[in-house]
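Quick heads-up: structures coming right below.
Both complexes below contain chain A, partnered by chain B and then by chain C.
Up next, the complex of A and B:
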């Protein structure tokens, strides 16, 4: 079971209904939230991935169980560029973080983490960070990573304000990571 | 990249309806601006009575079972959904005159126009599709 913010049941519906329903459902989500689309239309996998790409949302992945498809899409703001200015000063490259001594803290949503993360990385979604900071060791170096470096920039600032001293924002982030991936889905 | 899709619906069978409205609704759901120009038999697809009883191609009647099994929406449902998603319907004035039809014979919310109306819309649309 992968965590999502909103679930849409599109089982039994034929093309183009899963797409039409998804378009309507995603309007009710906040930016950054994850929509789970449950469908039986076999074409919905390719269609939803293409739809997300066209309209500017992030297609995370699909799992299948007993002939039912579970699709995960993260709502993005097509107008806001991913190139938002990053302000946290200490940064480190993907390679340096993977080979470093510190803890890799992945602040993407649980669904994004489930579909592939750096082996050994710890998952705390950005929205849960404030409440779960006590799970982290202040004495340890922490490399904060997300998809493109925007969320991890904010998370690194939050951690620094909370008294963590050796924090790095990992750039460019998971979108350009090509190393080994650990997955929680088949 | 153009954000407009232009479609000509020139045939009036059941299969034609699905070709037209599936592409149109999918495009509209993908944030495209969509306009369909209905001409000749294509007018059947938005005719108040006609759209409820579109014919299968001769010899293909056995597909009726497949349509039911695949839980495909009905044509009137697709028409409603397309309009709800903002797809614009334009009926061809010349064909309506030839067939003795008026705007009231069609679903609500359509516009009536001529060839130039469509060409003006389609000049910067990509893709333009004909069914």
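Up next, the complex of A and C:
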């Protein structure tokens, strides 16, 4: 079971209804939240991915179980681009983080993590970080990563304010990571 | 204004009669790029339906008002939605019933010519998929070659013609579409033939189709004779019908030649392909009319909708028959081949009788173009 914020049941609906319903449902989400669309129309996979790309949401992936498709889409605001200024000073590259000694902390949503992360990375979604900080070792070096470096920038600041000392924001982030991926989905 | 439902048969008429048609294809760009309804005089606009959810105003200027407009999608749901939006905006448009799915399944029987003693030869053109099947009839009997999976089209046609189906052949084990051959044979009591070299893994009974085998139709002299012609597969066999027609299966097409790689043995079979095209076929009469099992592009259709051409003309014009150098030929048919047909491995297994998918699964497997050729 992959964690999502809102679920939409589009089972039994034929094209175009899965997309029509998705478009409507996603309006009710906050930016950054993940929508799970449950559908049986086989064509919905290619269409949802293409639609998400067109409108600027992030299509995370699809799993299939017993003829039912589970699609995951993260709501993005295409106007507020990913180019938000990153302020956390200490940064390192994807490669350095992968080869480094520290812990890779992946602050993307659980669904994004499930569809592919750096082997050995720990998942704490950005929204849960404040509540789950005690799971992290203050003495250890931590490389914070997300998709494009924006969420990890905020997370790195939060950690630094909480007294963590050796924190790095990993840039450019998972969007340009080409190494081995570990998945929690088939 | 109005929305009209079009059948695949009506669209096929437009293709065969060389009529104009404006197709608004609302599938996503990849699907359109991969495979669409081809017509000599068709114009296209591809805008995915999910880009039109907020309205069709932006595309209205691009839609002609002086010719038929047909909205097409994968199954039909999205095309109905878009057609209704266009209708509300004041246009009269059609949508394709059953979408590309029904287009993929539609077969148009076209008469190729007369055989002696009142016999006839028909080509069944599957426009959406580029598959060609054949039925020769004479003296109350019929032989079918390379039947696609819509068996009722053939059994009904035979019924209308008042003929009994006696022989059903597949020129080879198909990899791009599911054969209806053995099912037609089972339903009608006809004999089903398959080349034994392609049939090593099949799990049903069949009659061996070997070089030199002949069958006669009715009391007449019409002969259907087999000619071993390997290369696309190791068993590939051609037919000469009534001394006039050469059915080449997937070995030789109008504007291309067969690819040797769909059973994973391109390197081994390229020599056979060369031998068939450059030696065996060269000994045949140039006046034979070549009837292939596929066409790849709409330009291969003749004015009457058939796909047929004199062997002599193909020797002169088909690029694949005019590669002098054997090494150049080898590399042409083994390197840089086009993508393989959708689900071709599974389709081979269906045709071997190893798996029996349901109707919908079979439709899914056959989606897309056939891609059996090298140009």
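Convention: the second predicted complex is superposed on the first by the 186 of 186 C-alpha atoms of A that agree within 3 Å, B and C clash if a C-alpha of one lies under 4 Å from a C-alpha of the other, contacts with A are read in each partner's own complex, and residues count from 1 in each chain.
As a working rule, contacts are C-beta pairs under 8 Å (C-beta built on N, C-alpha and C of every residue); 3 or more make two chains touch, one makes a residue touch a chain.
Just so you know, these numbers come straight off a predicted model, no measurement behind them.
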Chain C versus chain B on the shared chain A, clash or fit after superposition: clash
Which superposed partner A:42 touches (first chain B, second chain C, both, neither): second
Contacts of A:103 with chain B and chain C, given as first, second, both or neither: neither
First (chain B), second (chain C), both or neither touched by A:20: both
Which superposed partner A:162 touches (first chain B, second chain C, both, neither): neither
Touched partner set for A:12, first chain B, second chain C, both or neither: first
Contacts of A:54 with chain B and chain C, given as first, second, both or neither: both
Overlapping contact positions on chain A, where the chain C interface meets the chain B interface: 14-17, 19-20, 23, 47, 51, 54
Contact set on chain C toward chain A in their complex: 28-31, 48-51, 53, 73-75, 77-78, 81, 364
Complex interface listing, chain B residues touching chain A: 22, 25-26, 29-31, 70-73, 81, 85
List of chain A residues in touch with chain C within their complex: 14-17, 19-20, 23, 42-43, 46-47, 50-51, 54
Contact set on chain A toward chain B in their complex: 12-17, 19-20, 22-23, 47, 51, 54-55
